[in-house]
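Common to both upcoming complexes is chain A, partnered first by chain B, then by chain C.
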Partner chain A sequence: MIGIKKRGKKNNTQGKSGAQQVLVSFFATVVALLLGMLLISALGFDPVKAFSSMLIGSFGSLNAFAETLVKMTPLIYTGMSFALASRCGLTNLGMEGQLYMGALAGTAAGIYLTGLPAAIHIPLTMLAGFLGGGLWGLIAGSLKVRFGASEIITTVMLNTIAINFIDYMVNGPMIEPPGINCQTPPVQDSAILGNLIPGTRAHMGFIIALVFVLLFWLYLWRSKPGYEVRVSGLNMEAARYSGINTNKNILLVMFLAGGLAGLAGWNEIVAVQIRMIPSVSPGYGFDGIAVSLVGNNAPLGIIIGAFLFGAFRAGGNRMQIMAKVPNAIVSVIQALVIITIVASQMVLEKWNDRKLQQESGSKEEV
Partner chain B sequence: MSKILEMINITKCFPGVMANDNVTLAVEAGEVHSLLGENGAGKSTLMNVLCGLYRPTFGSIRLDGEEVKFSSARDAMARGIGMVHQHFMLIPTMTVLDNCLIGAKDAGKFVLDRKTTAEKLTELIEKYDMKVDLNAKVGSLSVGQRQRVEIIKVLYRGARILILDEPTAVLTPQETLELFEMIRSLTEHNFTVLFISHKLNEVKEISDKVTVLRQGCVTGTYKTDDCSVEDLARLMVGREIDLSVKRAEREKGEILLDVKNLSLKNAEDQKRLLEDICFDVREGEILGVAGVDGNGQSELVECLTGMQVASSGEIVYKGQNLRKMKTREIMSNGISHIPQDRQKTGLIMPMTLVENFALQDYYREEFGKSVYLNWAAVTEHSKKLIKDFSIKTPSELELAQNLSGGNQQKVIIAREISRHPELLIAMHPTRGLDVGAIEYIHQQLVEQRNKGIGILLVSTELEEIMKLSDRIIVMYEGKIMGTVKPSDITIEEMGLMMGGQALESIRAKKAV
Partner chain C sequence: MGVLNSISSYIATDIRMAAPILLAGLGLLLVNWSGLLYIGAEGTMLISAFAAVAGSFYLGSVWAGLLFGMIAGALFGLIFAFLTVTLRANQTVVGVALNVLGASLSATLNRVIFGVETTIAKIDTFETMAIPGLSKIPVIGPAFFNHMPIVYLAFLMVPLISFFLFRTQQGLNLRSVGENPRVSDTLGINVYRTRYTASILGNMIIGIGGAFLSTGLLNFFTEDMVSGRGYIALAAVIFGKYKPAGVMLAAMIFMAGNVVSNILQVSGAAIPYTFLTMIPYVLTIVALVVFASRAVAPNALGKPYKRG
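On to the complex of A and B.
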């Protein structure tokens, strides 16, 4: 269950119960926050003030809460993207690039398809966003199937390509006339998502993301292809033995995972930015790893993880203004959360391993 | 000659298993001493104790009469005991010299002293006539040469006692001869060699003495010159087999599976893993495949179940050739498979029993239309199987890893039998299980046979094979040594066939 670690070999790592996992993640987060407070006071700031202003910034008012929802929406998608790949035993580190490609495709559909009613235009831009990210993910998938190239490497390299490609598109072919700002023209009004809470930035995209979490759950736990994905992820040998086409699975999962990350980009375009800019994502793709890690690759866990990291992002700004603590500290605290969770999971895994060994004996060694 | 090494009353227990039971072994300097035994007889455990990887539960080790305790392989190496493992521990992209430098303690403290090392190695190579190029990349060497590098590595680190674990398993006959020459030249220089093997002819040829292990105990130490290959076979296999399983004799059924001239080559080094395998399985019979582990049985089963594609030959089942078919096609065609490793292949350990029961049939209509997977139906099915096969589990939602070995195997057997196969391929179905579970699984297999199902039973447990099979084929290095009926063969003959002698040649020898 350790995010970056290759899974499948150590099958028993997923044996722990969900409740145990949630508890461990919770305590790890608390420990990380305490460490963060220590760090803040070591830097000479007031940790209580820093944290209270962060809390006010993320939950203190309707506006602040809406901001948390806005920040967590793309994280739900990228968290699902990483989790889906993980469930299949793959490590998708390309969410950032897939997000950018999805955003670009969504923007293109939003700008160049004209004269459509919103009920048709929005789904079309969504489809474009999904395809943009999905095809980008599929590249890494096919490199793995065809040449055995590690998706960990290829997805990271594809990130760089995607981000630079977007830079070019926004500065060149798709630039908004007359070409003063490096951004595209805004998407058609018919492509823009409606508001969720009047008077705030919270938008319908949040609800759509929740619908996708439901689909994510249905796919993995209620469908035959999803069962194949989970079997391949937990035990590749058993998948081969049952006749599951593992190569097809890799392609499919990388496409779907890419698509989910692409939807994060689409969401940013049609609900937040309205147009493509080079910095459409402040690292939502990479945060997806953390979200999925905190959430144990499970639907509800991903929502909780996205909520946590969304709140960090929303509250970070206020902390900077009110307590004068640099926003970079928020990144440090996020990193602390990841480290403590990974560490606690490793301890848990070791502990479970030992328990298992004591129970079953060491037959293999005889 | 003096005793260079003594292992006295070594007992090694693993939870639930006694791998070595009061084993005593005395080795003299300059001799080749073989350890002979079937799989699981405790050879490897004993050697792992000797080279410091395991600590014995009881017992002591004496080197030159002085008691020693090793806590790591490094300790043992420091006292001159070096092991050459069956699976080489070399880095293919590095040169022979660099491989020898890894972990060597006198290769310079901070800067690698390549030159001195190279000189020492060259000296060794010339002394024992090993023909290895120090600057060659290990990846470009043949398997035999790689093994030589392993031996040089151990010698360079100062070993006086060499443990060779199944060294000929990976070699061609010619390479084996070269290895034997090297062993002889080493013993001439007063090195001691412990030779682990189950190949009777090789043991007879190379060793001065042989200690036979059976089920963790020593059956005896003998001078090789005093024993014939037949004696060794009997000592290794030992027991007389109880053939008293109750089952009706059946008339010969129709041929269900016909394997013709099946061959498989290793893509990497073109080594033949299977060679001209021919046999058939009939309805209502158990065909036993006997042989020591690693003689092509896994490859055979993989070819039959579509997990590997054989290089040539035919697998005819119901008028179709299965050779190039995909696993799913084969398995949905009335074939079930109990895989050799229940934990690595047969089950998904962190999944629930329900999810494990779904593994072979989840795609069928009865478990949900189209892409929908109807867990209610699978759960229903699982509950029935748990009851019918009396699987001990708190609930059908228990994780597979929390069941005992016997119950895990029952889950697989329940799943595979409930598919109503016509052909059942069962590999090591009782490995590592307790007597009760073994009994139960044997009953199930015989019951299926009596129903008219053809069973291919691969096992290294000779007793199991002799007891259950209607006919037996014996495999050795990817070839079939003979097809026999259990009633027509002696244990001694079985042992000889498992050790690499064809049935005809054994019988011919007897006739003379």
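On to the complex of A and C.
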């Protein structure tokens, strides 16, 4: 998304050095954090106490650090989901719904497939999760290709539809007998992921997510279909004229992006919740947008972004308890991060333009 | 008479529910015609819904609440214009950010000011205002002429904005900025100022829609109260082909889904509640699918403009 617009001459975002981009993200995050502290003190709280309790909550102990890993794992997936769609020039706001559908499909595979060894059962639940999210994403993709319906709107509508559908499923067909709590029965033991750090909640799902980041990189930067996706993202029209089947790309990317978000849901089921509940995600889907933007839609950046916002989520609860600051402030900071990132990118670009104009002297440069 | 009375009350419900969507849609219309693609209406409505409750709570008047809501909306409009017009940032990304900001800031302020207790602070809210004479007409009166002031305002704005957009010089200027900013610029229209004005005014109107949710339809603020209405309004604009009357029609049709779900619930049909809740959202998608390809968006919609 960033970088698909026409840019000034040589210094476009795509060509912009990685170092410069890292600097922008870092600077923007610091500014957003300072603004967040300002807001916290304006609301009458102690910003230092708020942030220190947040830090303790996310890094203060092995348990806290493990919690950060737990919270960042789904964000890696949703960040990749938004980034992949962005690379193709699409805006996938449907990660939340895709996550829910992936979680539901993963749960179903985890409960109803029985008698399998873990080595087979876990990959099957993963496949189910990917397909659940992927097909949900594909709906938005095909509505765009067939009817020109904006994916920005359809994905958001599909979020609400998915969440209501899950509400129905966990209260009806999939409810745990005898039907007192609105939740499904737990998945089979053979579907549950192992522990990563003994004695904590950190689980192997984190490692699997990192493997998917590698696949994400291989696909986009080391394969021909991935190259075509990126070309479509830079300029859909030009890609079409050069013989790339852009419609096929939109369908494929919405499927894959949905699948990645679905894996976030799958991860929550087989590693954290063990069963489907109506509130399986506290907004991981929406967090993916900020994760992807902080990471400039790039693999390493997404991991860093997920780490940042995962730490916020892990520490937010402690901040709420210790400093009495509502943890919704974490999302305020997230919004501020997005705003400061786009703003500083544009300021930098303007500055580059001006420098370019000065260098070219009297030559015509518009 | 029983049937007629329930039809009359269904129409009244539809009109009342359509009002916030209509207001948000009309606000978006102004923003869109100036060439700005704003997907942050959800965030604007949330922050305005909260501001209205806060204003009504502190100043004891629902009209003060409305003013607060409009100011909050205007601020969002200003932020959006600064980022997308002056800095030329990606409009979709900024819209997303304002959605997140509206949702989280309203939630934070709500928890700080009103706490998380279950008791709801008592605030002044809008009351129905029967139009003398007209409201006494059987069936039609209760359906159309016994509403809250904001509902009348919303529907009165349809011809007003229509007149402004298509019959005044300022409206023409606004639309030409959205169609072709470069040419407008050479004709002496200030593109930046036009877009700033459209963004601020448009968001104010969206803000009225948000304020009506919390001080008209309800009498308190909850964190997910807008529940997709900002996006439904976006769909209403496309469905309505960027015309005020079209937006009105779209809002009425989308919210008729609520009426249908009410009827189904009352009739005891064996459809789970959650499926009934989905109806307006499904309708929105269907409407987009059927009509999206025929909508004519302003030419420069979503494209950043660089003066020079």
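The rule we apply is simple: the second predicted complex is superposed on the first by the 333 of 366 C-alpha atoms of A that agree within 3 Å, B and C clash if a C-alpha of one lies under 4 Å from a C-alpha of the other, contacts with A are read in each partner's own complex, and residues count from 1 in each chain.
To be clear about the criterion, a contact is a pair of C-beta atoms (placed from the backbone, for glycine too) under 8 Å apart; a residue touches a chain by one contact, two chains touch by 3 or more.
Please read all numbers here as calculations on a predicted model, not as lab measurements.
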Which partner reaches more residues of chain A, chain B or chain C?
-> C
With the two complexes superposed on chain A, say which partner A:L93 touches: chain B (first), chain C (second), both, or neither.
-> second
Touch check for A:I152: first (chain B), second (chain C), both, or neither?
-> second
Of the partners chain B and chain C, which touch A:N235 in the superposed model: first, second, both, neither?
-> first
Could you tell me which stretches of chain A are touched by chain B in one complex and by chain C in the other?
-> 366
Of all residues in chain B, those that touch chain A in their complex | 14-17, 19, 40, 42, 45, 54, 305-307, 326-332, 337, 339, 341, 343-351, 355, 358-360, 362-363, 368, 371-373, 375, 399, 401-402, 404-405, 432
Once bound in the complex, which stretches of chain A touch chain B?
-> 11-15, 222-227, 230-231, 234-235, 237-238, 240-245, 356, 358-363, 365-366
Complex interface listing, chain A residues touching chain C | 1-2, 5, 43-44, 91, 93, 143, 146-150, 152-154, 156-161, 164-165, 167-168, 171-172, 286, 289-290, 293, 326, 328-332, 334-336, 338-339, 342-343, 345-347, 350, 366
Across the complex, what residues on chain C touch chain A?
-> 39, 79, 83, 87-90, 92-94, 96-98, 100-101, 103-105, 107-109, 111-112, 223, 227-228, 231-232, 234-235, 238, 272, 274-275, 277-278, 281-282, 284-285, 288-290, 292-293, 303-304, 308
